[in-house]
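Letters are used for the chains, namely A, B, C and D, taken in the order the chains are written, and counting of residues starts over at 1 for each.
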Amino acid sequence: MTDGNTARRTILVVGGGISGLTAAVEAAEVGYEVILVEKEPQLGGRVSQHNKYFPKLCSPTCGLEINFQRIRNNSRIQVYTLAEVETISGTAGNYQVAIRRNPRFVNEKCTGCGDCSQACTTEVDNPFNFGLNKVKAIRNAHVMAYPSQYFMDPLFAKTDEAKKLVKICPVGAIEPDQQAMTLNVQVASIVWATGWTPYNAEKIRPYGFGRYANVTTNMRFERMSSVHGPNQGAIVRPSDNKEVRNIAFIQCAGSRDHNYLPFCSRICCLASMKQATYVREQYPDAKITIYYIDLRAMDRYEAFLQKVMADPGIRWIKSKPSRIDEDKELNPIVIGEDTLTGQRYQETYDMVVLATGMEPNCTTEKVPAAGVEVDAYGFVVNAGGGIIGTGCSLSPVDVATSVQSGTAAALKAIQTAVKGG
Amino acid sequence: MEKKIGCYICSGCGIGEALDVDALVKIATKEQKLPLVKKHEFLCGPEGVELIRNDMSTSGVNAVLLAACSPRVKVDEFRLGTSLLDRVNLREQAVWSLEVKEGDDTAEEDRQMMAEDNLRMGCVKIKKMNPPEPFQDPSFSKDILVVGGGMAGMTTALEIAETGYKAILVEQSGQLGGMVARMHKVSPSKPPYQHLQENPVAALAAKVEGHANIVVHKNATIAKTIGAPGLFDVSIQNGGHVSQVRVGSIVVATGFTPYDASKLDHLGQGTSPDVITSLEFEEMAKAGQIVRKSDGKPAKRVAFSLCAGSRDKNHLEYCSAACCTYSLKQALYVKEQYADASTYILYQEIRTPGQMEDFYRKVQDEGGIFIKGDIQKVAVGTAGGLSVQVNDKLLRSSETLAVDLLVLATGMKPNVDTVDPNNPSPVGVAAGAEVKHVLNLEYRQGPSLPELKWGFPDSHFICFPYETRRTGIYTAGPARRPMGIAASMTDATGAALKAIQAVESVARGAAVHPRAGDLSYPSFRQEGCTQCKRCTEECPFGAINEDAKGNPLFNPTRCRRCGTCMGACPQKIISFANYSVDMIGAMLKEVEIPEEDAEKPRILIFACENDSYPALDAMAREGGKISPYVRIIPLRCLGSMNLVWIADAMSTGFDGVLLMGCRHGEDYQCHNVRGSALAEIRLSKVSETLNRLQLESDRVKMVEINIMDSHKLPGIINSFVAEIQKLPANPYKEF
Amino acid sequence: MSEKIKEYTFYPGCSSEKKASAANMENSMHAMCHMLGIKLNEIDDWNCCSASIGYAGGGELPRLAMTARNFALAQQQQGNKDLVATCAACWLALRETEERMEESTQVKADLATALKAADLKYDGGLKIRHMVEVLIEDIGWEALKAKVKKPLTGVKIAGYVGCQTNRPFSIAGDNFENPQYLDRMIETVGATAVPYDKKVACCGGALAFSELDKVTPLIRDILQSAVDNGADLIVTPCPVCQLNVEVYQDKVNKTFGTHFNIPVVYYSQLFVLAWGGSWTEAALNQQVISAEAVLKKFAS
Amino acid sequence: MAYDLSFARDVYKHSEMGHWIKMCMQCGVCAGSCPLGPHWEHSPRQLFQLVRAGKKEEVLKSSSMWMCTSCYNCIVRCPRHLPITHIVHGLARYASEQGMVDPKQPTHRFAKEIFWKNITATGRVAEMLLTMRLYFADGLAQGIKNGLEMQAQALGMLKTGRLMPLPFRSKIKGYAGFRAMLDKAQELEAKHKESKA
């Protein structure tokens, strides 16, 4: 599909989260051709699931929208959603890449009018909200999704109802028979930006996530707090939808722990501080407790820590809780030792949020190419070469660092293109 | 070339059912007198697009007005190869956002009126729109100036050079390497994240000095920087000698200065020669012998006081990010030299993010002792050395340690001169004869970079970390944010990209962030200027200089195309080819204002196109319903809002004006930093205008809209409409 | 029967001796193994594992040496057949010794020297197993279920796993905080496993000897939770747990004014009974708190 | 002066698994995991910091390490993989060796004076003897009182054939070798300690 000259100026970016988006637009705005591959039906990655950014408490959608605007306005970027890299061969400056394009079952004629979704009667667990609510089997992931073209769940596509929906679409965009296809491209260099998955909190058995209804995770809490989340932003106890009067956040739930993730996930301290502000906004009198080992508000984020610390309704307990029990009213009971007083505690809450960390996606979806070094945790180690890791493929990082990292990766990818390997 | 406008009205997605499309065609044809108007039932489909393309190739259509859906969708389909393209939003605004019950003729009529007005405004806009001519100058340079020859600066220069561009590296001292050159070793940056790494400075400096694409100026400073991206003329002063270079963009990588330890008496500074800073400790380790400075005896017991002057409201309020890791590194130096070393890390919070947790563990494994607490007292010990009293928070007691050295991990102060952006100093005041500024910009808004907070010179440190408020000038490394060596090198690589991107964009005549690729830029009708200086003062990016008489001297390549100058100008002398005071004024005047007794008010909404407009789209998609009496005009930025439009709206007969902009203040979200803030300041003066017109000041209101506020918009808009409806109708309707 | 006899080297440990505190475990284990076609070859002249309380008097090496002697005898007598233990503390001691020998060549060499003083040597390579692992991994859940002749229908049982068969070496990779194997055994014999939040709580272990007052509240909580959850019976794999929870019920009742009288049995006793064994074969006659009211009707 | 590391270094070297104490990050998970938490003087975490601070007296006279039930909860939850159970056992023995333990410390007395002697006397536990020694450790009168208190338990065990009525048992056959092996092990351990010191 690409001629030799173009291929030499083409950069493949794998992953459409904030790191990959950044790498793609920055490279394209220099003047290079970019192919951006994303496995989900829309771009935005984990950032799009966040309610607000720390420290400004602004909406990540704003930051994403400007990047989408940059993509819309730049004909040098070719976006493939629902796509995954299958194989990479060749060498720096000249890679052959097979990209699997999974069916969307809705073609590009889709105008986003929403008639199909309205007509559809099948509902499925909403993966965008971590299954906390149901959505139509044909839909857009969220109202700001880019591209705004709809998609259909693969299992639903096989049903009779899916076939019936074909007639609902006024422009003939629905194709339940769509098949996966492979696209072969030739590129000069590859930016690997496949990001992270929230650590599976069920593995942290002492904390009872999955067994206790009112123990949740920080990423679920982001969705619960979002106006586009399962409760339209109302923060309530999962078991009975009651108001949250007394809530605890547990830091390092899985991180800095040899039993789970030995590294520090970097963002969770700030994320919990931010989430404490969500609670405060809805419940001026709520009691908030943050259990921590070290408060890691690096560099300029310190100001945010100080701001949140000014809230007298937040207790800070230097302690990694030992375990969580549950009482008969399904209140979680947090048990441990306050290391600054030496006192053991047993505290009952309405709800507990586990600040789970980041598991690099490179551990489960390895870079399908030879010679890419990874560390003991599965993070990519950049050691030269035409496949360049960025963002949370390299280390657990915040948005600003991802942007920094994505911009740097764009330059390394361009250099590979310039030098021809 | 003669402009020939083709207008295409889509009837798909329910537009045809909701609206009288033929009536719309008639307005475009008869009333607006467009030469070619067509309707189509599926305009974004292959046949629809083909229809337009065909007209462009066969009928000479070179300007296209699409009346269909939001300009934020179907962009690829409508990439038609002409810059004269505008889109009238019928679907989201005039169909989805309105509540029309079956058989409600009034509501249907209101809806049709909104669609017609939207179309009228689009027609006027496309008529007034001219193709932007990209700014070009034959003397554009693509070379890049890098200021600072430390790790960040050297990395930036090398990355630029390796990409095929020429880098000019200016270093104040006689050698490259900066702060890191004074260090013994560096912290681990690669697996297993446990071992000290050799100092990378020598190897990097050799590469830099030997690179064909890099010119190094040592013992040199920047005497003066004049011009603009692509056209920066930089005077490099080397002793008495001054040389001139022209560069396209600039990276400031001037690093940091350790926080002044003399201010840290409370941590024992000055008590004994054995209280030293981490930099002094580096130099000692590099020299070979870790000893007590007081008597030269081996220093086997060393305490490191973290956050020395950082995270302290009396000193540096921020965390200096790297001190935890470099103190851990220094603890290993002691261990390297003395097998029986005792090292103590006195900390508040250990901050070893990511894989650096492994390094923390390594130092513990090597016997490093971590004490959470504050230094209470430092005294000279009985057998020499020091006695350090610590409030040990984990033991809940005051403990005294006997050590040979106390190392204060002093934080980082950025080595860059900044200026309070709210009070930019005028030209000439701050730039004295003595060179103490990094770039000595000859900018009307001062020689320094505007600061965001704490002397750091950026603008959007989360989303767009490299952007300063001086176009084409980027910062890298600790000059822009406290960071360690590995982070600085990544940061420098990114800054190199931004600098390259800037020179390439300038060469194309295109804007950089946030309107990347925009080819338009404002022109100044100088003869109309009254030298009020509003434009030169208000430009968030300092794009406009002044001549001696106070006339604006515009630098197109410094411009980010936000239009703030246009909004500021009371004389309406500043216009873009495709965006002007006249254009928006003409659009709003084209709206049909019903008779006063029709009880149908008209409310004008100016919506920032970055956040408010997408929120309006989202509202429509989610089924939010708003009053049919509003007419929405998107603006590039609320900063481009000219008060004349409010007067125009009032005199045209609009009953109210609602301004929707981004959050401003400390945690501002405005893409153009000051746009929405300036709009608010201007608005404070609007009551004057209203008074002159003898109108209530409540008729004009500004609201902060976040992109996720779609659910709030119906409430905000409808309650404003309701408020306006309580007022008498605008008496100017009759005129 | 076409089933091949499975042979293991067996380390019973002190409490499993005749007329020792876990004689009921020992007796039912033998019956259970017999029914499964398992032959347990007891190490001749084995010695104490030093148990969890041995550290105060014995240093690391002497303690490890005691287990090393058992390894050496096992190997000398039975070759490298898997070495099976039934007692939690014994199994743990075996596993720990194995682990430390693997971790440290110094420990390994020292133990060899010590063994030499007893004219013994151990070449390494023994695989240490818990009886539960033999049941799950070598026999299999299906086979365990297939043998059930008298399903213990209607009996509600709290599966009390306790500590040392679970931590730090879990059984067959099961979970530390909520192991499943014991509940599955209960279901396998046709009884009902009640939810049990004290499943892995500590009974006080050897501290029952020296600090009984501190330990009785733990035992009370374990009993209380079982009763609250409607259990007729507690089952456990651990002899220390069994002893503390069964024998001290009287003491708990006196101290706290409670009225516990709940039988505490071993999983082996349940299997023997469900597979058609007699009351005595299941060693249920050796309970301090009789299980007759609950289980007698299932006995052959 | 606090944080003199000579005590900590001695513990790192001479207390079983003591070197792991270096690795504690003071998170506190261990404390809340311990079933005898209410009875601790110091949580494991606190003991470890005291060791590092050189608080020898406080550490070795602490009753804490005698409160271990060997439940291993702390081990499996420790995020730094410290073998806390073993470290605590090691500290207990270290304190005992240093003669710092209160002679009335019941677990110390039972574990060292009764249990270890019991098992090394014959090679196996003699349960009846163990029990009797325990009850009579504070003299005859207290022993009778203890015995009476626990009469129901003992009788129950006797009746069900789970307690050997005789207090004495014979030695294992290879006792001589067993004893020689223990002596050798002790000798090696002593030698290592000297060479490390």
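As a working rule, a contact is a pair of C-beta atoms (placed from the backbone, for glycine too) under 8 Å apart; a residue touches a chain by one contact, two chains touch by 3 or more.
Remember, it's a predicted structure, so these values are computed and weren't measured experimentally.
Trainee: If you apply the touch rule, which chains end up adjacent to both chain B and chain D?
Mentor: Both-contact set = A.
Trainee: Using mean Cα positions, find the chain sitting nearest the overall protein centre.
Mentor: A
Trainee: Of the pairs A-C and C-D, which shows more C-beta pairs in contact?
Mentor: Comparing A-C with C-D, the pair joined by more C-beta contacts is C-D.
Trainee: Looking at CA centres, what chain is most distant from chain A?
Mentor: The chain farthest from chain A, judged by C-alpha centres, is D.
Trainee: How big is the gap, in whole Å, between where the Cα atoms of chain A centre and where those of chain D centre?
Mentor: Using C-alpha averages as centres, the distance is 49 Å.
Trainee: Quick one: report the Å distance separating chain B from chain C, using the average Cα coordinate of each chain.
Mentor: It comes to 67 Å between the two C-alpha centres.
Trainee: Could you put a whole-Å number on the gap between the CA centroids of chain C and chain D?
Mentor: It comes to 22 Å between the two C-alpha centres.
Trainee: Note the residues in chain A that touch 2 or more other chains, in rising order.
Mentor: Expected reply: 206, 256, 323, 339, 342.
Trainee: Can you list the residues of chain D that touch 2 or more other chains?
Mentor: 25-26, 46, 73, 76, 80
Trainee: Got the chain C residues that touch at least 2 other chains?
Mentor: 176
Trainee: Looking at which chains touch which, would you call it a line, ring, star, complete or other?
Mentor: Shape = other; not a path, cycle, star or full graph.
Trainee: All pairs of touching chains?
Mentor: A-B, A-C, A-D, B-D, C-D
Trainee: Within their complex, state which residues of chain C touch chain A.
Mentor: Per the stated touch rule, the residues are 175-178, 197.
Trainee: Using the touch definition up top, name the residues of chain A that touch chain C in the complex.
Mentor: On the chain A side, the touching residues are 205-206, 211, 323, 325.
Trainee: Touching chain C in the complex: which residues of chain D?
Mentor: 16, 35-36, 39, 67-73, 75-76, 83, 85, 89-90, 92-93, 96, 106-113, 115-117, 119-120, 123-125, 127, 130, 134, 150, 152-153, 156-157, 159-164, 172-174, 177-178, 180-186, 188-189, 192
Trainee: Name, in rising order, each residue of chain A that touches chain B in their complex.
Mentor: 25-27, 29-31, 53, 55-59, 61-63, 65-66, 69-70, 72-75, 109, 111-114, 143-144, 148, 170-171, 226-228, 232, 256, 262-266, 294-303, 306, 339-342, 375-377, 379, 381, 383, 395-397, 399-401, 403-408, 410-412, 414-415, 418-419
Trainee: Enumerate the contact residues on chain D facing chain A in the complex.
Mentor: Those residues of chain D that touch chain A are 25-33, 37-38, 42-43, 45-46, 73, 76-81.
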